[in-house]
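Remarks on the structure that follows.
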Amino acid sequence: MFEINTLLVGLLLVNFVLLGASRLGTSVRQVAAQGALLSLLTLAEHAGWSAPWRVWLLALGSGVVKAVVFPYFLRRALREADVRREMEPYVGFTASVLVGVTALAASLWLASRLPLPGPVASPLLVPVSLFTLLVGLFLLVSRRKALTQVVGYLVLENGVFCFGLALPEDAPLSVEVGILLDIFAAVFIMGIMIYHISREFDHIDTDRMSSLRDETT
Amino acid sequence: MDAAPVLRYLLAFALAPLLGGVITKTKAFFAGRTGAPLLQGYFDLAKLLRKGTVYSTTTSWVFRAGPVVTVGAVAVALALVPMGGTPAPLAFPGDFLLLAYLFALARFFTIAAALDTGSAFEGMGASREAQFSALAEPGLVLCFLALTRSAGDLSLSVSLGALSFAAWRSHAAVLALVAAALFIVFLAENARIPVDDPTTHLELTMIHEVMVLDHGGPDLALVEAASWLKLWVLGALVVGVAVPVRTGIPALDGGVFLAAMLLLGVAVGVVESAMARLRLLRVPQLLVASGVLAALATALISG
Amino acid sequence: MGAFLAALGLIVGGGVASVLTGRRRSWRSRAAVTGIVAGSLCGLVAAVRVLAGAPTPTLHVPWRVPYGSFSLAIDPVSALFLVALFVLAPLASVYGGRYLEEEHGDESLGGVWLFTGLLVAGIALVFTARNAVLFLVAWEVMSIAAYFLVTFEHYRDEVREAGWTYLVATHLGTAFLIALFLLMGRAGGSLDFDEMQLGHASPPVAGLLFVLAVVGFGTKAGLVPFHVWLPEAHPAAPSHVSALMSGVMIKTGIYGLLRVLLLLPSPPAWWGWLLIAMGVASGLGGVLFALAQHDLKRLLAYHSVENIGIITLGLGVGLLGVHAGLPLVALAGFAGALLHVLNHALFKGLLFLGAGAVAHATGTRDLDHLGGLGKRMPWTGATFLVGAAAISGLPPLNGFVSEFLIYTGAFAAATAGRGAVLAAAIAGAAGLALIGGLAVACFTKAFGAVFLGEPRGTSAGRAREVAAALRLPMVALAAACAGIGLAAPWVLAGMSRALAQVARALGLPAPDAQIETLRSALAWVSLGSLALLAAVAAAAVARRLLLRGRTVAAGPTWGCGYAAPSPRMQYTASSFAQPLVDLFRPVLRTETAGTPPSGPFPAPASFASATPDPADRRLYRPVFAGVAALFGRLRWVQQGRIQLYLLYLVATLLILLLWKVR
Amino acid sequence: MIAALLLAPALAGVVALLLRSDRLRRALLVATALTHLGLVAAAWRTGPAGPPAAWLRLDPVGMLVLGVTSVLFAVAAIYAVGYLAHEERTPRPDIEEDTLFANGPEAVFTGCLLFFLATMTLVTVSQNLGVLWVAVEATTLASAPLIFFHRHHRSLEATWKYLLICSVGIAVALLGNFFLAMAASFGPSGSGSLVLHELIAGAPGLHARWLKAAFVLLLVGYGTKMGLAPLHTWLPDAHAEAPSVVSALLSGALLNCAFLGIVRAYQVLGAAGQGRFAGDLLIDMGLFSMALAAVFIVAQPDFKRLLAYSSVEHMGILAVGIGLGGGAVFGALLHLVNHSLAKGMLFLLAGNILAAYRSKSTARVRGVGAVLPVTAALWAAGLLAITGSPPFGPFLSELVIVKGAIDGRHPVVTVLFLLFLAAAFIGMARPMLAMVQGEPRPELPPSGHDRWLTVAPAVVLGLSVLLLGLWIPSWLDGALRAAARVVGGG
C-alpha cells in the first residue's frame, strides 16, 4: 500500500484520466483520488507506518481536505449551479491526451537533466510531479467551466506538493499547515464564487465572463 | 571734422531734384519730345510748398507723419554716403546698416500713411512696395557685404574710399557684379522701370506713385523731396562703385562725381526708354537675382 | 542675495494671498499685483547691482533631496536675464490686474494669480539655480504654472487643445533636459554647475550634450522645428500672460542653452553652423507664417519664433567667432544675442499688451474685422506703432541696436573669415536682411489693419481707449524701447560684465578692446538716431509753418473717381500679405477655400484662407496618430478571456525558464 | 511588538464580523487602523528588532513597506467611513447597464479590510520565505471579497479573475520556494531551510541552476500578484470594479507586498553572486511592463482602469530600479513610497468623482473643477505627481533611477525608460486634465459636493507626496538608505 512507484504510476494515470474526462463529475472524482494518492505518497515517502507523528498529521490532514472536503464543495457548487455536466473544452479530449503524452515526455527529459542533492525515494517522483504540474496548467488554459479551472488549480497544487516530497528536508510543520490552510481557503472561496457566478450568469462558462476588456472593437 | 563733407552734403541736397530732371529730359529726348525743363523738379517743389492741403477724414496723425518721417530718414541717410571719395559726415563701422534701415523706416511710414487712407488703390500699392522692398533688402545688404569684404573695413566711407581704378583692374569681375546688383537695387528702391513706372497713369499698375495719391501741398512736396534724395543716395552708391576716381584733388574728384551722377541719370533715362515695365510677378526674380549677384561677388573676393 | 530671496517670497506670497482672499474682488488682484511689483523691484535691485559691478551673490544651502542642493548665484549673465524678467513682470501684472478684473471679474481669480506668481518666481529661479535638480524643479514649476495660465479660459475647446499641445511639448523637452543634466553629471562629476568639470569632455560626449541641450531648450525657446506649441499656446493665454511667456519664459530656453555652452568645452565649428542654420530657419519660418496669419496674437506668437531665431543666429555667430578665433565676431554675436533677449522682452511684451487692449476693446483679434483704431485708441495705437517699428529693427529704436550688433558680427566674420565661416556669415547676413524686410511687411500689415483706415467691423467702430492701468505699462515699455535705442552705448557698457563672463568661460581674451569698438560704433548709431529725430522734428516744424494760415480742408479719400468708398472696400490684411504669401506658397502651403464672384451680376462671393503649421500638420500629428493606431491594435492583448490570461502566465514562465536558465 | 501588529487587526477583524452596529464597526475600523499606525510608528522609533534568525522580524525593507501600508490603511480607513456612510443599502441601478445591484454585507467588508491589513503586515514581517508565501496567498483571499463588495457581474468577473490568476501565480511561487529549498540543500551545510538569514548566510553554497530557476518561478509567481506585464491581466479589472477605497489599498499596499516577495528572492540571489542575472530579468520585465502599460494608458476610456494601468507602469519602474542596482535601488524604494501615496490619493479621488458623476468614462466626465473644486485641484496635482513632475516626490525618485541607469551606463534602458514615462504622461494627462476642465456635460449632471471625510484623506496624502518632493525627512532618508543597503544597493 505504501509502494511509492505504484502510487506514482497511479497519479500518472489519474492525470491522463483527467485529461480525457468529459464530465465534470469525473474530474472532481479524479482530483479527489489524486488527493488521496498524494497523502499516501507523503506517508510512503516517510517510511510508511513508521512515519513520525507530524507526517501522519499532515498526510491525514491533506488527505481529508483534498479527498473529502474539496470534492464535497465542488459537488455542492455543481449541484447549486445545476449546469450541463459536459466540459466543452477548447482543446478536444484526444488532443488533450496527446498533449499529456508530450508533457510526460518533456517532464521525463527535464527530470533526467535536473541535478538532485541526494538520493530520492523514487526516480519517478520528480517527473511525475512535473507532469502533474503541467497537466494542471494545461487544464487551466484549455477548459471552459469555472469548476474545471478549480480542478486544474488543484492539480497544479498537487503537482507542486508532490515536488515538495522530493526535497531532502521537509518544510517546517507550521509552514506546511499554513500552505494547506491557504489552499483550503482558496478553494472554499472559489466554491462560493462559482455559486455566485452560476447565480449571476446562469452558467459557469468563464469564456462568457469577458465583459472587462480593453480590446477596442 | 572739416567742412568739405558738410558742403557736399548740402550740395547734394540742393542738386537732388536735378537728377530727376535729367532722367525725364533723357526720356523726352528719346521719345522725340522737348520735354519738361531740367529744373522742373524745383518748380514743382516751389508750387507745392505754396499750396494748402486736403486731408481725408479717414486719416489719422500717422498719415501726416508719413512724409515728415520719410524725408527725415532719407535726409539722415544722405549724410551716410561718401561722395567722390571723401568720407561722409557720418562715417563709422556699420554705417551702411543704419542707411539700409533708415530706408526701411521711410518705407514703413510711407506704407503706413498709404494704408491710413483706407483706399484699396493705396493698399494695393503699399502691398507691392512691401513685397518688393523686402526682397530687395538682401540684395542691398549683400552688396554692402561685398564692399566691406573687398576693403576689409566695416565703414562705407572707408570701403568706398578704398576703391580705385586699380581695384577695378585687380578684380573687375567682383566690382562689376556689385555695381550691377547695386544698380538693380537702385532701380527697384526708387520705383523706376523695369520695376515700377513712375509716369504711368493707371493706378492699378502703380506701386510707389499710388501710395502717395492722397498727399497734397507741402506733404507732397516732402514726399517728392524724399524720393529725389533717395534717388541721389543710392545713385551715389552706384557711382561710388562704378566710377571710383581718386585723383586726390577734392575739387576734381567732386566734379567727376557730379558728372557721373548726371550720367547715371542719363543711363536711367536710357533704360526707361529702352525697356518696358516687367510684369509684377517677374519682379521678385529680378530682385533675387541682385541678391545672388552680390553674394557671388562676396564669395569671389579672396579675403 | 537677500533682496533676491525677498523678491521670490513677495512674488509667491502675493499669489498665495490672492488665493486666500478668494472672491473678495477688492483685494484678490491687488494683493498679487502688489506682491509681484514689490518683489520685482527687489529683484531688479539685486540684478542691477551685479551688472554694476557688485560681486556675484551666491547661496548654498544643503537640501535634503537626492543629488540636490539649494544653491543659487546671480552672476552677470543671470543678472542680465533677470533684468528682462523683473522689468516686464511688474508691468504685465499691473496690466493684468485691471484686465482680469474687467474681463473675468465674476470668476475666481485666485488660481490665475497664484500661477502667475509661480511662473515669475519659477523663471527667476531658473535664471539663478546652480544645481541641476533645483534647476529642473524650477523649470517644471514654471512650465506647469504656464500651462494652467494658458488654459485659464479652459471652457473654450481650442484653449484646452492649445494648452494640451503646449504641455506635451514642454514635457518632452524636459525629458531631454533630464537626460542632458544627468549626462553632464556623469561626465562632470557633479550636479552642481559650479563643480562640474566638463572642460575635458570628449568631443562625442560634448556633441551629444550640445544636441540634447539644443533639442531640450530649443523646445522651450520655440526654435523651428520644435516651435509648434508656441503659436498655439501664446494666443490662448490672457494677454499679460502671453507677454510674460513670449517676453521672458521662452528666453529660459536661450538662457539654458547659453548656460550649458558656458560649461562645455570650447565649441567645434559645427555647433555654430547648426545654431546659425536653426536661427535663420526659425527667423524666416517665423516671419513668413506670421505674414500668413489673421489672428493678431497668433501673428505676434510667430514673431516670437522669428526673434528667437535672431537671438539663436547671434549665438551661432558668437560660437563661430570663438571657433575661428575672431574675438570681435564672437563678442558682437553674443552681445547682439543678449541685448536682443532684453529688447524682445520689451517690444514683444508691449505688442502683446497692445493686442490685449485691442481684443479687450473690440472683442475680436481677427485682423480682417479690425481697423481705424488709431483714432479711437490713440495711446494704444501710438505705443503699438513704437513696438512694431522696434520689432522690425528700425532706428531709432532698440530692435535696430541688437540687430546691428549681430550684423556687425556677421560682417566682421565675412571680412576676416574664409571658406565655411564666410559662407555662414553670408547666410547669416542675407537671412537677417530678408527677415528684416519681411518683418517690416508683416508689421505694416498688422499695424495698418488694426489701427489705420476705417473700421472693418461694428465692434471695432465702437471701440474706446482702455483704462489708464492698461495704458501705463504700454507707455513705459515704449519709452524703454526708445531709451535703449538712444542710449545704446551705455546699455552695452552695462552689459560688459556679462560679456566678459561669457568671453572668459569660452576662453576668449579679456574683451575690453572689442567692447570698446562696439561701443563707439553704437555711439555713432545713437548719434544717427538723434540726427534722425532732429531731422524729423525739423521737417515737422517746417510743415507746420508752411500750413499755417493756409486752407487745410477735409474730405473723403480720393477713390480715383469712385465717389462712395465704404470700409469694406479697404485692402484687408490678407490681401495686403497675399503677394508675399503667394510667393512663398511652397513653404506656407496656405489652404484657401471660397467661391469667386462670377457673371455680370455676381452672387455673394466668399473667400477664406488658413495657414496651418506644417511641422505640426505634417510631422508631429501623423507620428502621434500612428502610435495611437498601433496601440489600438495592441489592445487586443487584454481581451477578457481568463484562459488566455493564464496562457500568458504559462508562456512567460516557460519562455523565461528556457531562455534565461541554462 | 510584532505579535501586537499582527493580532490587533486580526482580532479586530473577527470582532467586526460579529458586531451588529455599523457605527461601532466603523469606529472599530478607524481605531484599529490608528492603533496599527501607532504601533508601526513605535516600531520605527525602536528600529529593526528581533534576532536575525527569527521567522518574524522587522528588517529595514519590511519596515519601509509596513510603514507605507499602515499609513495608507489609516487614511483609507477614515475615507472608508465617509464612503460607507454614503453608500445606499438598497439595490440601486448599475452605472453601466440598467440592472440593479446591492452591496455585500458591510460586516464582511470591514472584517476583510482588517484581515487584509493583518495579512499584509504578516508579509512585511516574515523572514521565512515559506511564511511569506502563506501570507501573500492569504492577502489574496482576504481581499477577494473586498473586490466583490458591489455585487454585480462585472465585479464578480473581476474577482474570479483576480482569485484564480493570483492563486495560480502563487502556486508557481510555491514551486519557486521548493526550488530554492532544493538549491539550498546542496553542499556540505545544505539545510533546506527557507529562513532568509540562513539562505543569505549560505548563499555561496547555493546550487546556481536551481537558484536561477527558483528566481524565475518566484518572479513569475509574485510578479503576477505585483502586476508585472504580461502577468498583470487581473489588475485593471480588479482595480476598476472594486470600491475605490479598496483599489487604493490594492494599488498602494498590496502590490508593494508582492514586490517584497521578489525583493527577498533578489536579496538571496544578490548574496549568491547572481545579482546581475536577477537584475537583468527585473529590468526586462520592468521595461516590458512600462511599455505595455503605456499601450493601455493611451486613449483609455475608463479612468479607474487608467489608474490601474499606471500602477502596472509604476511596478515596472520599481522593478527596473531594483534591477539596475546601485543608486537606483534607493530611487526604487523611494518611488515605492511616492507611488503608494500618490496612487492611493488618486484612487480615493476617483471614488469621489465616481460618486458625483456615477460614471467612470473619461470622455463623459467634465468640469470636475466646477463641481468638486478640492477634488479637482488634488486630481490635477495627483496627475502631475504620478507622472513624475516636480515639485512632487515621484519626480525625485524617477530622477534617481534614471541617474542610476545613466551612471550604470545603460543607454538603452535610459532612453526606453524616459520614452515610456513620456508616453504614460501624455496618455494620462489628456483625459485627466480634460475631466477637471470645461463644464459638466448636460447629459451627465453631476450631484454632490466635496465632503471633508472623503477629501481630507486625499489632502493628507497629497501634502505628504508634495513634501517628499521638496524635502525628504532625515528619518525617512535613513530608513531608505538602510533598506537600500539590505537590498544590495548603494
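For clarity, chains are labelled A, B, C and D in written order, and residue numbers in each chain start from 1.
Definition applied: a contact is a pair of C-beta atoms (placed from the backbone, for glycine too) under 8 Å apart; a residue touches a chain by one contact, two chains touch by 3 or more.
These numbers come from a predicted model, not from an experiment.
Chains making contact with chain C as well as with chain D: A. Chain centre most remote from that of chain A: B (centre = mean of CA atoms).
Rounded to a whole number, the gap between the C-alpha centres of chain B and chain C is 35 angstrom.
Note: centroid distance chain A to chain D, computed from Cα atoms, is 31 Å. With centres taken as mean Cα positions, chain C sits 70 Å from chain A. Centre-to-centre spacing of chain A and chain B amounts to 101 Å, using the average Cα coordinate of each chain. Contact of a single residue of chain A with at least two other chains is seen at positions 137, 140, 149, 206, 209-212, 214, 216. For chain C, residues touching at least two other chains, in rising order: 632, 635, 637-638, 642, 646. For chain D, the set of residues touching two or more other chains reads 160-161, 164, 168, 209, 236, 296, 299. Pairs of chains meeting the touch criterion: A-C, A-D, B-C, C-D. Within the complex, the chain C residues that touch chain D are 63-68, 133, 136-137, 139-141, 144, 151, 154-155, 160, 163-164, 167-168, 171-172, 175, 178-179, 182-183, 185-186, 627-628, 631-632, 634-635, 637-638, 642, 645-646, 648-649, 652-653, 656-657, 660-662.
Listed in rising order, the residues of chain A touching chain D in the complex are 115-118, 133, 137, 140, 146, 149, 153, 156-157, 160, 163-164, 166-169, 171-172, 174-175, 178-179, 181-182, 185-186, 189-190, 193, 196-197, 200-201, 206, 209-212, 214, 216.
Across the complex, chain C meets chain A through its residues 632, 635-644, 646-647, 650.
Residues 160-161, 164-165, 168-169, 172, 209, 212-213, 216-217, 219-220, 224, 230-231, 233-234, 236, 277, 281, 292, 294-296, 298-299, 330-331, 334, 384, 389-391, 395-396, 399-400, 402-403, 406-407, 414, 418-419, 421-423, 425-426, 429-430, 433-434, 437-439, 469-474, 477 of chain D touch chain C in their complex.
Within the complex, the chain A residues that touch chain C are 90, 137, 140-144, 149, 206-207, 209-216.
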